[in-house]
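You will see subunit A twice below: alongside subunit B first, and alongside subunit C after that.
After this line comes the complex of A and B, so read on.
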């Protein structure tokens, strides 16, 4: 098992769900495939979906919903098999 | 008497209000988020107070924090600027209840003109032409289809609670309308918390022309029009006055209709009435009113010589309008170019960074509205607009030449902006001739993007 930190590609506000009324894209313990959306990053009122770079299982979120993040800051940790 | 003013906004408009307040001898306090402690508005204000974290929802949109700040500084008035809480009727009411002057109209007027369907009814009652459409909200698909036959296709389905171009769908025929109507209602409910929609004729290639007014609750004057047809995703990029599309008779009629409507509602403060102008039929239709100061207000200030923010503060202070219509004249032509932190070559992707080199254009007829300075780090949390270049000259061709000269002088390094796009747009013969409409820029950009990638 390797743990990979998925990081914010640019600074902004991180959202775990597509809108306040929706369920989060991911929950801890959930299996994900590379390319799945892990959350949204808002920069200057534009929202970008952030894709997972690896497949595996979500170990934990490091930042909370609506957190202000810097470029390169870890968003969540994923455990992979290889 | 307003002696102390809280400015509930950020960026260039906060700075603009600080300046107007200073000139009137009013003490200004800028309410800011933790991300904006280093802004020029904060530096130039008499005082500043941090009201919350970077996210707008927790700072600039936090009515309670703003009113607390206002109480703490015992301010007499709050200026909301544009965006954020500027058209929030509940905020205006809450400010009023706290015994503080809201620089703008009453909550009731904001509510009435902020609801599109209600604004439309009001306009019709005042005898102001509106785009042919439904009387208020349309509850059922059957009713929509029946009405659409009278109004004519293509037809727009618009969310009553929408705004800024959001919550609009266009149906070209009956089948499309039947399919889109339920989706539009669901979307409206999800996006705005209210599923009501109404119908309106869609006018292709219309021009966006708006009229600036000032009212004191009784008297209303207009300060002519602004044309803002050059928009991308309903965001204006270039605005100018006078509109190259209007003849004097139509201009007079348009401006008079705006005054009639504002007077009908007893409007108080600065306001803008937006119209669609169908150039082929020479018809104008009222579409909505913005009950606040607008981004492009300097265009009007340049051609009339009137300081709109100062007038807003005087009106809010309870002074009767000192301006009479016969004393308001326009002179020359003004154009505003918005510099946004977006890369026009990369589909307007936001561009973040720190301002390195900065040399503003200057000389005759050039006005810069911006909070930028070398070393300023652009926060990712807010609007992408960094600066407005406002150019005035004796006529439109001269103003365009001066605008090109201004762009030549500009050096702004550290972040990519829309400046390069303005250079290309001002070189376009259609733009040069003022021969544009509200879809022009998006169509033009498609060709432009193809050229960039070729």
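After this line comes the complex of A and C, so read on.
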């Protein structure tokens, strides 16, 4: 197993769900495929879907929903079997 | 001769020094938010200062160069990568034919300016190549770049070697906390004196919606305006005035709650009281503020504002002499 940190590609506010009334894109323990959306990052009036760079299982979220994040800050940890 | 966009980044636009002389018709200057970085990047690759560059906000694009080119990146610190190999910012370097140029995470500042020898050769519109997205004017179809766009390049203007770099003192570090100098605005008299004092004493935070049109700030106390009967033509909100011109850099506070610093894509006028204006020497810094950075305003006199402008012009003249003679 290798653990990969998925990082914010740019600064902004990180949202775990597509809208306040929806369930989160991902829960801890869930399997993901590279390209799946891990959350939204809001900046400059744009909401951008952030894709996972690797496939695996979500180990844990490192930041809370609606956290202010910097570029390069770890959002969540994914475990992959390689 | 062209560059192909593989990934556009977050909001990458073609910009030059902007289009002047149409603000009275409602068309703002546009152009690079940090014009000092537009100029220095151009000079490093031997361009005139008004050649068109790419303004890359908060996240850099991935580009493929169909022809080998001398390039330079100034402004925000995002490590340039040529086929994955790091290059320095504030330094001219070659991207070989067929190579890819991408960028690392932004470590400082908000906007990186990428100059390419010869400049980006999109058509002039109203005298400038700058993109004004709200007006669908300039750049590539008046919009931010997207994947598969191709940017034509003009012939290099001067042959300069790679490896030329800015003097150490001119490599700017912006940090996360910004002191902005302002002069008194036309409508400061509409605000209660103690409320104005509070405005200058507090620390504000850049809102995530800050963009090329305006920088919204949060976190300080709401302003209180003086009681009045709204004059004919003014709205009933105490922050309203009879419509007036908005200088670039002016600060308005709709309903007294969140100040907005207008920048180079702003509307030219409207009905909000402008309480102060950021001095021109500090407008480049505004363009390098990231969301959630801290801002503090300092009042200066017109003489101090003009002196700061002269000093910045002198600094840039010196760099110009050094880099393109």
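Descriptive notes on the structure:
Criterion: the second predicted complex is superposed on the first by the 82 of 82 C-alpha atoms of A that agree within 3 Å, B and C clash if a C-alpha of one lies under 4 Å from a C-alpha of the other, contacts with A are read in each partner's own complex, and residues count from 1 in each chain.
One rule holds in what follows: a contact is a pair of C-beta atoms (placed from the backbone, for glycine too) under 8 Å apart; a residue touches a chain by one contact, two chains touch by 3 or more.
Owing to the predicted nature of the structure, the values given are computational and were not obtained by experimental measurement.
Contacts of A:56 after superposition: neither subunit B nor subunit C is touched.
When the shared chain is aligned, subunit C comes close enough to touch A:9, but subunit B does not. Once the two complexes are overlaid on the shared chain, A:46 sits against subunit B and subunit C alike.
Legend: residue contacts after superposition of the two complexes on their common chain; A:19 is shown touching subunit B, with no touch to subunit C. In the superposed pair of complexes, A:68 makes contact with subunit B and with subunit C alike. When the two complexes are superposed on chain A, the residues of subunit A that touch both subunit B and subunit C are 10-13, 42-46, 68. Those residues of subunit A that touch subunit C in the shared complex are 7, 9-13, 42-46, 48, 68, 71-72. Residues of subunit B that touch subunit A in their complex: 35, 53-55, 57, 190, 341-342, 349-350, 352, 380-384. Those residues of subunit A lying in contact with subunit B across their complex are 10-13, 19, 21, 42-46, 66, 68. Listing the residues of subunit C that touch subunit A in their complex gives 10-11, 57-59, 104-107, 208-211, 290-292.
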